[in-house]
Structures are given as C-alpha cells and as structure tokens.
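So that you can tell them apart, the chains are marked A, B, C and D in the order they are listed, and the count of residues begins at 1 in each.
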C-alpha cells in the first residue's frame, strides 16, 4: 500500500483526497494545509492525519508520494523538497507562473532520480484520450488541424485572475498541454484576446493559433464564461477523416415539445464534476508509475512546455505578432537527463 | 409529353398539381372538381383546364394518365372508368373503405390491361426507402423486428373521423403498407386502441402488432395528436444490426443555453411538407411506369392488402384476439392476372 | 454502520458486494454461497466472512440486512427466513417463478414488520428516473404512450432459458416493472413472441402491449440478441410533449469519414456495466430505508405485480387473446398490510 | 415577368439557369458564353437564346437584369456595362481579385442609380440565416465569439489555385462575408496558413482570426480537402447561449452495428448540392429587389469588404503580424452614395 501525503485541502485537494481514498492501492498519510479545519474535514472523511507541518511530512520515511494541490506559489518549493526527500510527486498545474523559477527548479532536481508528474487531468479524460489513441493509430491519417474549445461556466472571483497569472497561464495552459498531447512540439504561437465579460481588465475571451513542428495547425477558443455550462470539446481533423468529442451530458434524456425537439439536459458542474473520472485515472497512472519505477506522463518537461506557450501567447497578445519557439530547448535536455524511461502515454 | 388529368382540387390535389407542373415529362390536361373555384385556382397556377365533366376527361384520347385525389368514395368509380378508358391511374389511398367494393373493382379491371398505382407516398421517402434498400442488401442481416411510429400533429376536424373509416383505414393504412414494404405478407394482426385525445369516441391512440409470413414481428404506434409535430420514424432491427430513421428537421440549427442544450428546431408542418419530395418521386415512378409500360408499385394488390390489414385490426380491437390472415389470397391471384411484369420496387 | 450479509457470490453477487464495499454506511458481514471459492474471492476483495452456513448468518444478531442474489429458487426461502430473523432484505428479481409460491411467501411475512425491497435496478437508472420524475412533474402532460425497448447483447447459455422461467419471467420482468413504475396498475396484457434466434424453442423476440388502469398504452420490445450491444431505451409520450432516453455511450467520440459520419462508439458490456451506478443508487435507497425505518420501493408487492404480468403474457402468448388483470388485487392488500409508510419513489 | 440574361454557362451558370427557370417571376432571355455548345445545352434545358454577343445582350432593352457567372476576370467589365445599360446585376464573388480594380469599378458606377448584388450564397442558407436572425433577435445575448468551419471535399485542379487568387480570395472570401454578416465591420485580421495537402505550393489549410468593431472575435478554419465531404459549420457564441449549425445530411438514416452506432450517412456533393436552396433564395431576393426598386444585400460594398479582408489575410500571412483595417472607409462612403434604400437583410 502506497502512503500518500496531500498538500492543500482546498477544492482540488478535496478531489485528490477522494481519489486516493477510492484507490485500493493507496492510503492517505497526511493532509497538510495551514487551514487546519479544512484539512480536518477531509481527513475525517477520507483518512490520514491533518497537519500544518511540512517538514514532518517530508521527514516521514513511510510516505512514498506527495500530491501538491496547494497554491501555485508553493509548488516549486514543495516539489523540490519532495524530490530531495526521495518522494514521488504529482504536482498540479502550473508548476509556477514564472518560467525562470521553473527552470531553476529543474536545475535543482534534474540530477536527482525522481518521479514527477504534472496534473494535466484532461489527458486522462476517456474521450480525449480515445481520440488521441485513435489518431496515433492512424484512424484519420496525418493530423492536420486540431480545434480545442474550452469555456468555463463563470468567471473566477475578483482577485483570482491577477493572482492566477492571467488567462493563458491559468486556463489556456490546459489547452496548450492538449495541443502538445496531440501534436508534440509547437513552433509558433499567435494569440488574440478580448475583455468582453468581466470588469477585471484582463482578457476573458481568446483565440490562440499554434503551429506544430510537424506542420499541423491548432486553434484554441477560450471564454471565462459560458451560459450553457462547462464547454469542453475537441476536433482532430486529419487527411482521411475526423474525430470529435462533444460535451458530456448528465443523462441520456431528450425532450420534444412544441417549441423545441431533441433537447438535451443542461450541462452541470465544472471541472470537478466533468473530470472526476479523469482525476481518478490520473492518480492511477501516477501510482502505477511509482510502483513500477517508470517515468509518469505528463512530465515536468510537459509542465514547463505548456507554461512556455502561455508566456509566448502573452507576448503575442502584446505585440500582435507571431511568436516563434525554439524546438530543441529545455524539454529535450530534460528528457535526456531523466533517469527513468519515459512512459509511452 | 404525357398529358395528365387530376381529379380533386383539395389539399392532396394541390400537391399532385404542383408535382406534375414541376415534372418536365408531364403536363396538366385537366383539373376536375365539382368545386370550380378550387380547380380554377390550381389551373391558374399549374396549368390545365378546369372542369366538372368527368365524362369529357375520360373521353379525351389525348389524356394518357389520371391522378385520383378526390374523396375516397369516388375512387373505385374513377379508377374503373380510367382503366376502361385505357388511361393509366395513380389513385390515392385507400382504394375504398370497404374491402368488398375493392374486390368488385378488381373483378371489373383485372382482365383489362392496365397501369394502376396506389399513392402510398412513404415508400418514396428518401430515408425509409434507403433503409428498405439497405435491409434488402443485407446490411442488417435477417430482418426480425420493425418499429413504426406515426403520429399526426393534430386530430382531424369533427366528422372527418367517421367519414374516413376510422384510425386504421385512414391513418394506420400507411403504416400497414410500410410494414408490407419491409416484410411482405402479413399473417396475423393484433390491435390495441384507446380514445385518449378527442371527444369523437373513436380510438385516437393505437398500438398494432403484426407477424409476417417470414416470422418477423412489426409494431406500429399511432396517435392522432402529437404536441411536437408530425412524428414519423422507423426502426429496422436485424440479426446483425439496426437502421433507423428519425424525424426531419427544418434546419440544422441547435441551441445551447442554461436550461437546455443541443436543442433542435420544432418540427414544422404535416404530411404535405414532410413528404413533398416523396410525392414528387412517387409521380416520377408512376410516369416512368406509364412511359415504359411496366407495372408500377405499390400496386392495386398492395392497396387491397393494406385495407385488409386495417379491417383485421378493427376486428382484433373488437374481439381482443389475434386475427389471422390468409397468405395466398387475393393478392396472389391479382398478381397472377396482371398483364404487365411487376416492378422490383 | 450497517452490517450486510450477501447471499450469492455469482455475477450479480459480485455487483452487490462491490456496491456495499463502496458505500460508506455499510460493511459486508458475510458472503454466503455453497461455492466457497467464489465467496472467498469476493470477501478477499470486498471484506466480510465467506460462509456456507445460512443458519449462522440468520442467527447473527449483528447482521442488519441481507441481500439475496442467489438462484431464483432460493429467494422465497431466504426472504422468509430473513424477515423472521428481523433482518431487512433486498431480494433480486424475480421473487420466484411461481406466483403461488410468491403469494405463500407473502402470507408468511405479511404480519411481521419488515423492510423488503425487490431489486428492479432500472428504477434507479439516472435517465429513466429523470424521465419518470419529469413526467410526474407534468412536463409532458398526461402520459398516453410508453415505449420500452430492451434487448440483450447475446442469448444466455443453453439450459438457462428453461431454468429462468422463459423470456417474460426472466427478462421482460424488468420492463413490466418499468411500465408499472411509469403507469401504475396494468389492467390488460397482450403478448406476441417469436423464436427467431436460438435453437431453444422458447421465444427470443417479443412485443408486449399493456393497458394501464388510467387508460395509457405501453409497448415493450424484447430480443435475446442485439448485434450492436445492450439496447435499453424508453420513450414517454404525453399530451404536451415527449421525453426519451437513448442508449449510453462509453465516450463522447464521433467519427467522420468517407463512408459514414457522426458515428458513435459501439456499446460496451451488458447490465453489469450499464447499470453499475443504478445498482449503487438502489443499495443507497435500501440502506436509507433500513436506517430510517421506511418502506423501500420497489416493494414486495411490486415484485409480485411484475411476475403476475409475466404470467399473463405467457397466457396471452398461448391463447392469442388479451389477458385482463384484476386491478384491486393482492397489491392493494399487501400495501394495506405493510407496517411502514411507503416511500414516495 | 422579369427577363434575365446569364453570363457564363459553366458550373455556376448552370445553377443560376436552373434557379431562373424554376422561379415563376423570371424568364431566361439569353445565356451568353464564348463556349457556344455549353450555352446551347443550358438554353435547350432552361430556355433563353444562346449567344456570344455581349453587346447585343446589353443593348436589348427587354432585358431587366443580368447574372454574372463568367470567369472572375470578366466581372468588373460586365458589371460596369450592365449598370451603364440600366440593368440590375447579380454578380458572383469575388468582384475581382484586385482591390484597386474593384475601387475603380465603384468609381464608374457609384453615381449611376443601380441595383447590384454580390453572390454570397451562404447568407441565404436556411440554417446560417436562422442563426443570424436569432442572434439579431437577442437569443444568445451579445455575440462574443463566432466560429466558422469551411472545408472543401477536394482540392481544385492544378492551375485553378493561382488563377483564383489563392485560398483567401477564392474560398475564405465566403467566410469573410459570413463573419461580416454576423459581426459587421472587421477591424483586424490575423491569418495562419499551411501547405499540407497539395503540391501547389499555395496554402491549403488556414486559420484566420478576426476582431470586429464591436469587440467580438471570429475564427475561420479552412481546408482544401476534407475526407468526409463538404464541411460547412458555424457556431455563434453569445453572452447568454450559443447557436450552432452542423452539416446537412442526405437522409435521416442512422446505422447501429457491432463496430459503430448512430452512424449517419456520408455527406454528398459540394457547394452546388449543399447550397441549391440557398441559390434559389438568393435569386428570389435579387428579383424582389429588382421588382421593388430596393437595394439588395449583400451589396457591392459587401463584396468589396470581403475582398479587403482577403487582402489583409494575405498580408498577415506574409508578415506574421495582425493587420488593422480602417473602419469608416470605402464601405461607408459607398452606402452613403447608394441611391436606393438598403435592404433590412
């Protein structure tokens, strides 16, 4: 049985606590959060010891792995300490808002054998993953155009946006990772944004266009608010066909009446509901990597690459120009220096 | 150019007049109706001479074919006279409400070479026909279960129901023909009806179960009123798969909002709108049969067989028991005595 | 924490064992099956003590409830003993294949305060339940026609059919319960069956038509084999609209290519996969009833009524005639004699 | 009866000839094409006199209107001559490949009272038009994001691409017009293209991002080849909901089998088949404008604006930068100088 410590008892911490509790191979050892009450609420329900003592968690040799679901600003520190303590780490996205800090983190950990995975949950969504696998199996021929639609049901509270690093680092980062999941290295980025919804002054609507090293084009459409709920769709257009994934519905019920027909249910919930099975599959992949001593995926390099795309999108927004990315950069180096074989997924 | 006389300037007459006018191979010679104004309205728009003189129409040797869209009670007389006058005839369903009169009509015309077609328009619907052709081509293996849903948008006016011969002779007769179109000879009928909608006392909701000579089962669901419009669907379930046809929509538009998603348009119209292309294809088939001297389909025998099923359904309703039909009856004899080769469709 | 004993370590036993293990309010006390190995496999995975000793289970006062998932022939005996032992019971369908034995069982238990629930899992399917609730809330007006399609992916092994009491008692019984769930008391039954698929000689394809006390009509279509998988659909047609539930799909993926478009995944699995969440919700309802001392639903009377419909369908098949059922029969009496208030669901 | 002369007996000329023949208000006077045989084939079928003499057509005072479906290089000349001859003109897109020539044309005709319409057929598609009308009626609140997918089934023959002015002027021009139809004036353009399909060296895959004067963003996805057929879709995302239009299907048939379910038919045909009803509605709008003396829409200014966007997209492709367009330019001036009231559509 793997013993897992969880950092962060907030919304995402709750998801991970439930996933660990539901997984037969893992037990919660600690839930660590300065908000003792929140941690206790979770340990009461899912097991483990509530604590505020990071040092004690890191020093506990019985702890095999940590899940980092605390605020973004704490990720680099906790990740570095976990690797030094010889613990496997599943870290929520983004690694940090600042690419320089991410690179500094990498410099610290790259020579220590480690098992580090970044929490891009959508790679584990059953529909997106199926499309990716079918594309990889050649079902639509060479992939030429990828379209990702990603809209949140409602904008985050005031203050969140600035703290989160803005739309591209906070929200689009998932879509950047999806684009890389399907297309590999991205060589150029162009971003167009608009502030249509909130009073924040930050962009809340965006269209980003990417070009991959292999020549394919990708397009990401984002909005901070979607009247019909969490809108998460994808189309993979290839030389011989297309695969698409529409939104999931809570039931299979359809209504027919005088004013409309074939009407489906409203979408319910947000990422916690939509991606519950994906979070479970993500944890399962992480635990298997820990057990088998294999490198999990998405890797630190994947987390770094998505952030680099967010930074490029910000620059494109400022200048209006396409931003070109070096192809054989940090990611390659990192993969070279990894001490364990990369996972196929 | 074939010269066509149309009997009946009512709702269905208007459809046929438009179809003839749109067909490059045919011209309207006459529109014959005691209601002169209605006939004139149609001839003004679609051509031909308005008339009330049936004898003159039948005597005009330049008339190649007649379309009988007048009230049901006039069908047998007009059909018999047309055959005697050597004119091809496309007769609306039902041939008559009384099987004995239908058989008497057949006795009159069976020894005269003739081209007679009954207007079961749904055989010419592009979706139903495609399913039938694909079933015939073996795409779903042996056909085992056929489900037909047929609901009208609104009940007919008071008085219509009795005059029309009741639900089975008036409305279900189309579905009986569809069942025969897919399954061939029917050997038994069980009908269950209810009077849920109208004050007429006649049944307005029904479920009919058929067994075919080949062993397959068919099920027909009818209602005289459907809040969401004209509901015309079909499922053909076979040993290796299923083909279904849903309702047609006026546009491809879907709406997504807080209370519903993927909501299609309301259905519009009734049989005139839904089956406009089918009526055109039906006329095209008839004109080709006339030109080529081939027997059109559905034939007189098909019209007779659908009426026999309606009569059996009425009997089953009264007794609660399954009604068995003779397999090698009138239909066989009729087909034998036909002077032209049957069409494959 | 409720302590639950499970009878039967077969396919359905495994489902219930997993449900109990996943429910935070219940623990498995025993898994009782003559096949010790099967029981042990389950207790190893889900907890509890494997046993073959029914008496010991019934005598263990720490056991609050039993789940009866053993062969049908054992249901009545185990149910009676559980009630006598003061234990709540969730019994798989059917209660028995013989209505007389069911009535004898009722005579035994009716005067003992009891909590007995019958395992009609489909009442707990999220889509069917949503339709039923929306119908009950008046969303489609008065319910006039109910269409249930229920097809198994593949016929059961030789020998199963006879032992199972035939199609209506084994398979259609779920659909009879669905019809009652939507329409309440059924007053007449007509059944048409055919042996199209198997060599068993028993019918494997059927269409059943029901009439409810309220006048609505229901229609059930069954097949023992469905090339495209487990086919479980429902349409509720009312005076002002319709609600339907199509089949669930494993992913939201659609394929577009030269030969087909918008093609969904094949269906996967059978009732165990399709109704996993329903089995969990069923158990949850049962446990809540036990905790709150309320009568669960579906009740013993519901189990008896579905069996009575199966028997009527068999008789209709034999005679070809509609079979009429008494309306104010056993069900009423039973409900009267129940010692706890019926649940609203 | 309006007398219409058609220039061009090619593929698009054939469509217009059929539309005129089918319209009860118009007759074909001439079909003018240097390829006499092609013109004669059409006049034999649809009426009118075949000719190669442009001067004679322009001089014939009985001709009320001309339809210009000849090669793009002839449009400006024919349009100018038609306006000078006092004839209404429906001119296919684009007006010309060169914006300077378009402006010179406008200088020639702007002071002559005229009825000039540009053939952007998609404005008359029943689904796109319905969405536009529903958006205009406020059904989705403020329009924030527009997504247009437009893919041709197969690349044009060698030589066509260069002659056609490239992807943006030839193919995307329809999508530029759609964007303007929904969003009005466009203020900036960014285009990304790739040559993935053909050997032509010209781009055949593109993603274009537009910003409207009102702040909304639009995104166009193009491909010269689509394995599953002509792919024409649109999504209009607003503050309170979304409207989308998927592709039209030839039938409502769906297939269910072991390897796929709910599979629709392959798409058939190309723009001629997909937009046949739109071409008819376009002609109807034009003829009504001629009859009523009202300015048709899309206007010359609309044709000019779409071309300006194509030119901006080409520039963006070359530079990688966003190209900004003047808002109150030619279009405004033109509309001011128009001598007839603008149509509401």
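In this text, a residue touches a chain if its C-beta (ideal position, glycine included) is under 8 Å from a C-beta of that chain, and two chains touch if they have at least 3 such contacts.
Remember, it's a predicted structure, so these values are computed and weren't measured experimentally.
*Asks:* Could you quickly compare A-B and B-C and let me know which has more C-beta contacts?
*Replies:* The comparison resolves to B-C.
*Asks:* From the centre of chain B, which other chain's Cα mean sits the farthest off?
*Replies:* Ranked by distance of C-alpha centres from chain B, the top chain is A.
*Asks:* Where the centres are mean C-alpha positions, what is the separation of chain B from chain C, in Å?
*Replies:* 42
*Asks:* Could you give the separation in Å between the centres of chain A and chain C, each centre being the mean of its C-alpha atoms?
*Replies:* 41
*Asks:* Taking the mean of the CA coordinates per chain, how far is chain A from chain B in Å?
*Replies:* The computed centroid separation for chain A versus chain B comes out at 59 Å.
*Asks:* Which chain D residues sit where two or more other chains touch them?
*Replies:* 140, 227-228, 240-242, 247, 255-258, 265
*Asks:* So in the complex, the part of chain D that touches chain B is made up of which residues?
*Replies:* Going through chain D, the ones touching chain B are 126-127, 130-131, 134, 139-140, 240-248, 250-258, 265.
*Asks:* Chain A touches which residues of chain B in the complex?
*Replies:* Contacts found on chain B: 227-229, 247, 249, 255-267.
*Asks:* Note which residues of chain C are touching chain B in the complex, please.
*Replies:* For chain C paired with chain B, touching residues are 140-142, 144-145, 147, 149, 151, 190, 192, 194, 196-197, 205-207, 209, 211, 215-217, 219, 221, 223, 225-228, 237-242, 320-322.
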